[in-house]
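Shared between the two complexes below is chain A, which has chain B as its partner in the first and chain C in the second.
Right after this comes the complex of A and B.
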């Protein structure tokens, strides 16, 4: 019994970290219809900025997170204007080629500027150490990651489903020409959504850095995992992504506890099964 | 067809060597991609050697030609080695970070009349694949066997082994098990984790549930070691008194700044610490740090490369610049010298390096940096893995 609880706690923590990092990709892929393979690269930029701010400038953790999120958005704005704007609505292959190219450029630049070694983001004392749950101990920063994940999920859901901006965004996604004719400035909508997605990537990169350490190949190393989460959840759906993260986190963690020698067999088996039954993901919208 | 190619290849090589003005050494390693840091260390070690010992052997200039294999890729490694031999006319092949890459090249050596000096790849079996292979790095058997003794002396009798599920991991697991059982200990469970594991909490839970008094761990140096060590601390294993033993790959110097306090006090056994206290090492670290640019990036492959160059220089001296692979290899059998890591020699039987293995503890220096402090020496260790192969 204790073991089951233990696995459940680990699965929840791992799933929520995956969620925080992947949800931005779900937004670009599902709502903006851009296959943004550079998502991991933006998460990595966030991690690097936070690491630089906290270690070299000596600012506090909270401030470092803010600097990372806004710094990454500032870096992403010219990239959006010059590169991404050309590929909105283009065929997927063009998008894949463009964004994978951007990823490689960012990896090269990160390697040149920050060097190939691991970078850490020092945690404040309040997030260090571990908390006792009675039957086991868990790292405090994992609880922090779980809370962050839940907050992000709630805030995004509210923004997309309940605000005027969300209405415009969904309109622009469904029929850009008609939305524009009705006076929605789709360019602004897209730019803002892109900024939000990039900001979420950076936030996830920082919060998840304890589990997925920041180094130049971060952008490629975890790309498949992020894409799997989004495709299983159904691109653009926040409850779907949440469900996918918890489910996949659970399967991965259980498999790793019971039969580590099988590797990621169960993880991918589950992915295949889910995609067979739900081709558009758990909560994918029908076209 | 293959024979004709090889014959043509051999003809080309001999004609190229006859009127070559410089002796060329082809170095294959990961110079770009996720393992670029290790390739950079190869280059730093080679540059350091050439800075300290000169770019000439006798009358002959030495020219190094680098070829990049970013990730373990035997086919590409073989193709590049072939190209080095045929087109560039190299007399020596060296480098090789990954075992499969080195293995793929061994069948070429005899026909090409080229010795292979391995500067890293650490699986025992490679030296048995061709009589023209010499290795100046280490094997996992060599570094993992002494830690078994250390664990037993620390009062641990039941241990769990946790390794990454790939060749070197399995070597480490077997080496530790053999060594630990020889001194009367018991490995209660052996876990092999997938290389791509990011979240080690479930593994830590397994360790806790096994009731072992200590854990033996091996993961390749790099990003995952950070997650592993942190998970070990955060899941209450460290505070719970579970002892941690590992070969030095887990605490390589370039990862230490990131590991920081989490690694403090970890004991590992390895063949080289950048902090090794000797005049040879001081000169080496100074030259290699200059070559690599950033001294914190210096790590163990650099010393393998440095000693590899020493062996190649001795081979060139012995053959007088002639291309004669067998003569070159024979000349260094039994060769002994003082390396930056301490006294070493090439075992005439196995052509693998015999060296001291050090027990080190991660400590904090006065200036706040972390280093591997050597606390015990296991002298003149050969490769127990070769005996296990038989």
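Right after this comes the complex of A and C.
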């Protein structure tokens, strides 16, 4: 019973962190049709900036998160202008190569600037320790990660389903040319969504730093995980991504707890099974 | 659109008429390069042998990516399976004849190709890419777990190949391994030129251009691609076995995602859809890697990244494709 409970909490927290990071990838993939393997690299940049701000500049956790999110967006904008613009609408192989190239560059530069060691982001006292639920106690940080995930999901759902921006976004996802003809400024939508996606990646990178430690090979190590989650969920679908994150987070965490010697064997087996059964993702809206 | 397709389809047919001459020229180029390599780097034959093993992997990737249009980031699974098949045959079954080890590699690679083909060809686009990534990780974890057979993360050591034909022993300088590698590469290259030009190779190119049309004409895209995957697996298996014979050890890195991604980079650097492009890309990439990573391994990653971005932006046809295009244009202007 104890084990089941702790597996459930860890799986939930892990799934939520995965969700926060990869929902941005899901939106850009569904909207711009860009297979962005460099998404994990932006999460890593966020983690590095937060670590630098909190440890070396000594600012508070909340401010460090803000600095990380906006700093990452500022770094990402020129990359989008100079590089991503050129691969919109190109074949997948081209996009994969370009974004792998960007990832390699970011890893190399991060390694050069920050060194190969693991970076921690000091937590404020209120997030340390554990909370007592009466019958069981769980780490406050896990609860914080879960709450963050739920807030992001709710905010995104509201923004996409209930606001005027969301209407234009959905129109652009369904048919960009038609939306543009009807007066939607698709390039603005693209720019805003890219910025939001990168900001969310950075946010997830900071909040999830306890579960996915920040180090130079972060971008490469979790790149595959994020891509897999989005592909399983179905590009551009929030409920699909949420379901995929919880499912895959659950499988991965359970596998690690019960059969640690098998590593990620079951995770990838599950991925193959799901992709074979649902080739367009759990909530496939792609095309 | 239509004219472009006909032009592309005609080009190989025209070159097919002079195919034999170009085959011999290709053979001559490979042998001359091999001799130059031997003379330039007499103390570094191990690197040259490894380049040739990887060239076989990149050629096999070219078969499925360049000629069939299947995007995969998990092709090292076939290479590693061939390497482990040859290694396990030598260590656990006492088959230490190099040629039999290569045969074991071919069988192992082809079987892995069959498995990967069946799974990967179920999907298209992004899911296909994800399936290939999941497969290479699955192979990697499996090899790591089956450590009584594969040696796990320590690698499979203790491979001691017999002298080739019972005469040429594998020496410290790697001369025998080098000549063995050159001969294998030349044979496989010639074989692939035949495969690519055959009606079957044409069918695969047609499937890359327009699978629905091929289906309407009575062809079966999935069966043809699966066949190509098995051939590709056999070629990658030769490369894996060659690596096992020449280094006498098989490590988990031969089944890694990194090797898969790097082989794709080499292929794109040289140019997809051309056997010469695959070999060119491998040679340039590996020599470059040897030079830069000796200086600083972390700058190496940045350099590869920058190189990739540059190739995608400025030479989307790869080094060989771009040079060939420029030469063809110049020849056309000269007439």
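Basically, the second predicted complex is superposed on the first by the 280 of 287 C-alpha atoms of A that agree within 3 Å, B and C clash if a C-alpha of one lies under 4 Å from a C-alpha of the other, contacts with A are read in each partner's own complex, and residues count from 1 in each chain.
Just so we're on the same page, a residue touches a chain if its C-beta (ideal position, glycine included) is under 8 Å from a C-beta of that chain, and two chains touch if they have at least 3 such contacts.
None of these values were measured; they are calculated from a predicted model.
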When the two structures are overlaid on chain A, which partner does A:49 contact: first (chain B), second (chain C), both, or neither?
neither
So, does A:272 touch the first partner chain B, the second partner chain C, both, or neither?
second
State whether A:248 touches chain B only (first), chain C only (second), both chains, or neither.
neither
Touch test for A:212: chain B only (first), chain C only (second), both, or neither?
first
With both complexes superposed on chain A, which partner does A:172 reach: first (chain B), second (chain C), both or neither?
neither
Which superposed partner A:68 touches (first chain B, second chain C, both, neither)
neither
Which partner chains sit in contact with A:118 here, chain B, chain C, both or neither? Use first/second/both/neither.
first
Is A:109 touching the first partner chain B, the second partner chain C, both, or neither of them?
second
State whether A:41 touches chain B only (first), chain C only (second), both chains, or neither.
neither
Both chain B and chain C contact which residues of chain A?
111, 116, 261, 263-264
In the complex, go through chain A and note every residue touching chain C.
29, 35, 83, 86-87, 92-94, 96-98, 100-109, 111-112, 116, 224, 227-228, 231-232, 235, 261-265, 268-269, 271-272, 275-276, 279-281, 286
Complex contact set, residues of chain B against chain A
33-34, 36-37, 40, 165, 191-194, 196-199, 201-203, 205-206, 209, 222-223, 226-227, 230, 234-236, 254-255, 257-258, 260, 294, 296-297
Going by the contact rule at the top, pick out the chain A residues touching chain B in the complex.
3, 6-7, 10, 13-14, 17, 111, 115-120, 129-130, 136-139, 142, 210-213, 215-217, 221-222, 252-254, 256-257, 260-261, 263-264
Spell out the part of chain C that touches chain A in their complex, as residue ranges.
65, 71, 73, 119, 122-127, 129-131, 133-135, 137-138, 141-142, 144-145, 257, 261, 264-265, 268, 272, 298-309, 311-313, 316
